[in-house]
Amino acid sequence: MKLHKLLQRVARGEVSVREAETVLAARGETNLGFARVDLDRHSRRGLPEVIYCPGKTAAQIIEIMSALIADGQNVLATRATSEQYAAVRRRHKKAVYHKLPKAITIQVAERSHPPVGQVAIVCAGTSDIPVAEEAALTAELMGARVERVYDVGVAGLHRVLNHVELLKRCRAIVVVAGMEGALPSVVGGLVDRPIVAVPTSIGYGVNFQGLSALLAMLNSCAPGVTVVNIDNGFGAGVAAALINRVREDIAKHI
Amino acid sequence: MKLHKLLQRVARGEVSVREAETVLAARGETNLGFARVDLDRHSRRGLPEVIYCPGKTAAQIIEIMSALIADGQNVLATRATSEQYAAVRRRHKKAVYHKLPKAITIQVAERSHPPVGQVAIVCAGTSDIPVAEEAALTAELMGARVERVYDVGVAGLHRVLNHVELLKRCRAIVVVAGMEGALPSVVGGLVDRPIVAVPTSIGYGVNFQGLSALLAMLNSCAPGVTVVNIDNGFGAGVAAALINRVREDIAKHI
Amino acid sequence: MKLHKLLQRVARGEVSVREAETVLAARGETNLGFARVDLDRHSRRGLPEVIYCPGKTAAQIIEIMSALIADGQNVLATRATSEQYAAVRRRHKKAVYHKLPKAITIQVAERSHPPVGQVAIVCAGTSDIPVAEEAALTAELMGARVERVYDVGVAGLHRVLNHVELLKRCRAIVVVAGMEGALPSVVGGLVDRPIVAVPTSIGYGVNFQGLSALLAMLNSCAPGVTVVNIDNGFGAGVAAALINRVREDIAKHI
Amino acid sequence: MKLHKLLQRVARGEVSVREAETVLAARGETNLGFARVDLDRHSRRGLPEVIYCPGKTAAQIIEIMSALIADGQNVLATRATSEQYAAVRRRHKKAVYHKLPKAITIQVAERSHPPVGQVAIVCAGTSDIPVAEEAALTAELMGARVERVYDVGVAGLHRVLNHVELLKRCRAIVVVAGMEGALPSVVGGLVDRPIVAVPTSIGYGVNFQGLSALLAMLNSCAPGVTVVNIDNGFGAGVAAALINRVREDIAKHI
Amino acid sequence: MKLHKLLQRVARGEVSVREAETVLAARGETNLGFARVDLDRHSRRGLPEVIYCPGKTAAQIIEIMSALIADGQNVLATRATSEQYAAVRRRHKKAVYHKLPKAITIQVAERSHPPVGQVAIVCAGTSDIPVAEEAALTAELMGARVERVYDVGVAGLHRVLNHVELLKRCRAIVVVAGMEGALPSVVGGLVDRPIVAVPTSIGYGVNFQGLSALLAMLNSCAPGVTVVNIDNGFGAGVAAALINRVREDIAKHI
Amino acid sequence: MKLHKLLQRVARGEVSVREAETVLAARGETNLGFARVDLDRHSRRGLPEVIYCPGKTAAQIIEIMSALIADGQNVLATRATSEQYAAVRRRHKKAVYHKLPKAITIQVAERSHPPVGQVAIVCAGTSDIPVAEEAALTAELMGARVERVYDVGVAGLHRVLNHVELLKRCRAIVVVAGMEGALPSVVGGLVDRPIVAVPTSIGYGVNFQGLSALLAMLNSCAPGVTVVNIDNGFGAGVAAALINRVREDIAKHI
Amino acid sequence: MKLHKLLQRVARGEVSVREAETVLAARGETNLGFARVDLDRHSRRGLPEVIYCPGKTAAQIIEIMSALIADGQNVLATRATSEQYAAVRRRHKKAVYHKLPKAITIQVAERSHPPVGQVAIVCAGTSDIPVAEEAALTAELMGARVERVYDVGVAGLHRVLNHVELLKRCRAIVVVAGMEGALPSVVGGLVDRPIVAVPTSIGYGVNFQGLSALLAMLNSCAPGVTVVNIDNGFGAGVAAALINRVREDIAKHI
Amino acid sequence: MKLHKLLQRVARGEVSVREAETVLAARGETNLGFARVDLDRHSRRGLPEVIYCPGKTAAQIIEIMSALIADGQNVLATRATSEQYAAVRRRHKKAVYHKLPKAITIQVAERSHPPVGQVAIVCAGTSDIPVAEEAALTAELMGARVERVYDVGVAGLHRVLNHVELLKRCRAIVVVAGMEGALPSVVGGLVDRPIVAVPTSIGYGVNFQGLSALLAMLNSCAPGVTVVNIDNGFGAGVAAALINRVREDIAKHI
């Protein structure tokens, strides 16, 4: 029930003041004691609440999943260990484990429509693939058609140059790179698509677990490159999917 | 002339091998000695080469501007001092100085079509406005209709809550904030639009000239928030305009 | 008008749904274009919106002050230059400049009651006094009786030991120190009062503009020491005044 | 025996000069060789010496506990492993292990009076609960009545908005958050209670084990927020309890 | 086939436009799905693509090796664990494990000519030897004659002074040091050879895993010292070998 | 009056309890309002309170000097600007300005005995001399005979090797160096004297205003090197002078 | 006189033991009081002692120059202000000021032979030119033929691709870049020459005065890239010139 | 044989030029292949070469020990694991393991004279004892009489105040502290002895493994405090012992 409707019903006496206050307090929040599941998030943000697994017990993860499923929402849990997956699997038989990105998904809702648009996920080296896959999986779950272009780092420039035409056709491009993080600048100089850069923690020494790549991306001389946290494939996937959807769901507003 | 066409003409003997090599070498680059103006950038990236003024002499700035103008391109120069503007003005009478964002523009090309879509520029405090204005100006130059929502920091939550409906109607949202940089997380929790966060250097002590806000934004618990460098209103404006155009110019591809 | 009352009036038909929406949108916010003055803050937070001057023009500062004064609220502007004060003075004749803490105050409202409780402001060295004075001024404006204990750094321990009895009588203690920032730990080991530690940027080399003192205070072996940003006398004064008022104004709740 | 009394007795010849010197040297210190237990701390600071377990052997922990118990004081040991607890348990049968905050308590003294006042412990996410529980346990041991408000992070603003009335009734509020650490600013903008912010190490990448949240909290635009070290629930609990007691035990002084 | 030749053949009709496009796309890149092996790198860079093992599965490493071997190229894999080596060994019987530098080599091509020139590998302490050996192995694989001078740190200056004549005879000198990283400055003050400094992570405390040595080397008062990443013996070996070859293979150009 | 004597007099009734309390409170502290001059420091620490000028007004500096002079103590003020000196000079005619170290001295007490022992002040480059001179001046004021050995950096090793015999004859050696800060390690490897290393802020880039030299010195492979803050010639001079005096004034104790 | 010869003469009685000691002490060092000019450096290191001007007075600079000139050596002074140059000019009429790199040179010795070999100086943007020119000037002074390739940053890849053939012909390549510092990786992926990368302080925000570019270069995925300090064009020029000379002057050794 | 003597013998023809060169090359260096044992260090530095165990194999440690023992020198190996000790023990039966500081000693030389002077080792908390013991052991091995004063941190000031008289009697004081590292400042304010401060890595969060304590000590407001690396008890012990010996062994020089 929207605020507007609620106020109308208060005005009509259909809802008491006390009831209105209670509704406002209770709406969209399932209190599990240790967690308040934000069931309303899908309608607000276009994706359900996603479970970040580190620091949570398997029992907590399972319970949050159950609350989401009870509400008819699909489940995505990131950075799950195989132990956490095993525990989840015992309870939720439909749970699927995606090894590279270490993600668990549970498909509940029927997918209403085929993937739309196109998002490219580009990565510099083989070691960056797990992060790239987290981005790809997330974007796909949010309805995007995804194209993977992997292992095209700048030390062999011809590799990315070979894919420029493909990249030009995408609505959003996620570029994943570790070490010196130069790839987003190179891609950003070649095409006019929004680019979401993801630094990875691949490297050693003054790489500082990805800080070097992050700084390079934030300092990119190619304007229009935006950046997410180190190894945050999930966040990049969400951003790319939201951009991909600009053409679709905004139509109702403008 | 595209590579494909060039090769065809080489095949047909219309272009000699030597000529083809020369064309590849010369294309899109006006060598001023101290600078190689990238005249091709507009077609590759959707915006002309932009002049970053710090560290350049007025003479250098003027000469690059002349090269762009000679090619019929509009000019945007960022972070220009009023002294640099005065020098530019003497040579280029149509130059306009935008005081808050310290930018110079020279409008050469007739604007072919009215602004499209909608981009919101949100900022947390009055001191963040210069950066917000740089983003707004850039997005406007790239063809976006822009809506400004200023001084709506989280210490008075009702201020941003009052604009949620407006924000939901935009294709992209730029959120500018200094100090603890919490505003993008709050906005990101309320709407499902792509959000480009810009940390500003407003603050003191362990703000570290904007580092605190930058880190907060990169760590945002609201997925889909992407980030640009501290005070980089220009980059955020480009990113937002590119997202805004996804609906428009990509049609030719997909 | 409180939310509860508003809803009651909506229920009684005294306020239309549209009006209620408008009220919620407009309440507590004076839109100056560049700033939305948060007039409601005093009732929410116990102090009016305070003007942080760096990065604001004199004109902006004056206009915000006028909005506050028009609402009958007292004015505090921090980190104001003497130039900013001169400009303010021309418009607001009652403006007072506090040189050490570089603050401007304008007393509008009659002070309804004498200062209550007791807050100690302790500082380690002469160079820390400006920050200490900012804390003292703020606490006094928020109704606290303040006791100053200055230049009692740990290199001459007897100096602070001489004031232990005084410190024990206070409701809250602000301890200001630069360099190695050891004073809060020493004070924290001697008395059982809440201690708000303020690191200052006094020092050089690996002091890193106050970082050394900040880290020391956050690592204090004396439990119960809490910390504010470097040179943030204002924040410490607010915190101490809020603690000082716990005995006074909470009575109505509990 | 207070200094004043001691000097009086020296003056009366009841205590020799040598004895007075000895008393000053020995008072409040039980020398275990590896540790000088500060038995006087309870009267000076309002809580007994607390045992920080990392870096100590089980034998050392047990011996310090014994010294405290022999003096009739309650015991709190923080950051204890389950192995350390097992060893303690063999010696001190009344030892209780609190799993979430990894704390050991031994209740020796009869609790003389029921909990007083009210302290709120607020946390942003499920993963922050162990730190929140350390704060809650500490505050309770120091006599405060504690209210827990968990999993109310800013990505779903309505969750914390639902508890504003509760928060307004508390004497002190501890706000625990990881990632971007925005929650204390939001809470600090809503209520006029002293707020102790605790950054947690929850996050990854440029979270830097909690540094991001710490910086955000120190830069909070909501004045009156004070901060403790990362994951320092204990310190926050002490600070909140000291604030909570301002109404109670200071009466004797003022 | 060089670009020039390709264009000539297109001009002569020997290669169709489509074929030319395909050749440009496919050249020098074996797509394994997870990796695009850069077979062209040897001719471009003077060394084959080198496999950086961390973050790769044994299966991936083996497959990349096979691609290189199939192309007749020698293999170097750095930072391989003994487990990774064991797996490689099962597939590639000629694989050799170099324990100190943790490198795997597979010699496929007949070495066409004996080592040339001379490169010195100098290290400060016994603990720096693994990094020094990685540099030595790399330089040897790239055709350099290598001289090792180990454990000659500055705390016993006579040790390095004893080898000055040897160092003067080398074409390039790699200097490996941890802790305060002073050795390159001392060597750089004694001889006029290009010096490649390698900081190691040997040390503790404010060594920050080699940062101290890195900073010292970058700040060296002996001009002409260049630096690679911490523990990057491989990079230093490549650099030294490239310098060593300046006399040999550049003859064809100048 | 020592504590022991005071207690004796209390015991004999010569001093009342109240008087004894007052004496303990007042001893060694001249309260100037903004500063409590620690007149007792000379007897406690072997040097008078030294005035650190940055952040103090000329008036404050003059008043502290007057308090010291009134007590018959010599004056040392460090990091004084020439403006501060000019103001001091107007009041204290005997004030002397030492240009290189920017120090003011006022000799009041007759120097009772000639300089003793020997302290070497060694520096790496010409730019380090101001810091070296601050150390030399301080050590001389504290009674040490000082030997200067300047511009003997490690890029020309023979320069310091030429002075080894001199260094071996000193009781303490201060080594001042910027950039990579290697000199203390080299000196520390040659002689068996206590070495106090002073990093200077000479350098640029990743020198980070002296941090590079500081880290190098703290990581010195030559044991026995101790370090003071960047540019802290004063602290090094005090430390060296205290070491120099170990032979002299400790005789009375042992 | 070499050590060997000196010992021979001692053995023959032509030089007394005392004389030999004196010679060893005095050789190669002109003591100016504040500086010991290292006249021997040219023969040891292949370039004369170079004067780093910051922190030196004009008088000191002039005196060091005079000592070098008296010894018949050419002079290079780096980072000189125009004021310092004006003072130098009054004394040394042959002094030349190089505006972009802010260097002073005085040519004393007749240049014995024409420039040899070839060194490329590549830079990414116009703002990097001053640093590039410092490198070029230094390399030229050390006898190298220099080729400049400026403003070829990665945001317009074709610019550097156009110069690959030239780069392949050089013995050493200096690559200068600010912001994200990606250019050395791209160049390093294209040619097999030793590359000396120079990060510049061009950029803002998390560029941290060049740190971002420095880290990127140290983490370069193109092996064989070595790095010097931020803005250290001089050091890069020395390194490139030393590499360039490997073919020339090493002949006498091998 | 000293240089002077050697030259005399060359002059007398007793030593040939070649022999003299060889002697200079070989002196004081036992080449084990992986290590050059610096047997001369004892006479140069007053302590034998000390073995830093991390990063060395047990075999390497044993062999270095054997070389030292063969030369009649005592052995000290720091940071040895119990596994390393077990291996050493099998070969060197006289090896003793000191558990707290994790050090191995082998006493070979008869101790020629009883401990002299007095050095105090002070530490703040129980967890700092291992570092303190490393300092104590080292100072004792270098001939100092050592007094331990443990667990006297500033949160209970009376504990250190009780030992002031003892501290005043020492020639040097080592002060070991973690967390906020305030103890050296407090001790430094009380006595006029040279103080060597040792930060320890005890703490968490923004302690940054001891950085907080290190910075505090370097910024100490008590002049004369010098500092060593984090947890470097060994270095502090050497420094204190060298200071302690100033009275003894320098007599021969002055």
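Chains: A, B, C, D, E, F, G and H, in written order; residue numbering restarts at 1 for each.
We take it that a contact is a pair of C-beta atoms (placed from the backbone, for glycine too) under 8 Å apart; a residue touches a chain by one contact, two chains touch by 3 or more.
This is a predicted model, so every value here is computed, not measured.
By residue number, over half of the touching pairs seen at C-H are also found at E-F, the match among A-C, A-E or E-F.
With centres set at the average Cα position, the gap from chain D to chain G is 59 Å. Averaging C-alpha coordinates per chain places the centre of chain A 38 Å away from that of chain D. Here the CA centre of chain C is 25 Å from the CA centre of chain D. Multi-chain contact residues of chain H (touching two or more other chains): 125, 155-156, 188-190, 205-207, 211, 214, 218-219, 222, 229. A list of each chain pair in contact follows: A-B, A-C, A-D, A-E, A-G, B-C, B-D, B-E, B-G, C-D, C-F, C-H, D-F, D-H, E-F, E-G, E-H, F-G, F-H, G-H. Across the complex, chain B is touched by residues 124-125, 153-157, 161, 179-182, 185-186, 188-190, 203, 205-208, 211-213, 215-222 of chain D.
Chain B contributes residues 126-127, 129, 150-152, 155-156, 158-159, 162, 202, 204-207 to its touches with chain C in the complex. Listed in rising order, the residues of chain H touching chain G in the complex are 4, 7-8, 10-11, 13, 16-17, 20-21.
Taken in their complex, chain F has these residues touching chain H: 44-47, 50, 117-118, 168-169, 171-172, 188-194, 196, 214, 218-220, 222-229, 234-236, 238-239, 242-244, 246-247, 250, 253-254. Of all the residues in chain A, the ones that touch chain D in their complex are 24-29, 33-36, 38, 40-41, 52, 54-56, 60, 199, 201, 209-211, 214, 229-232.
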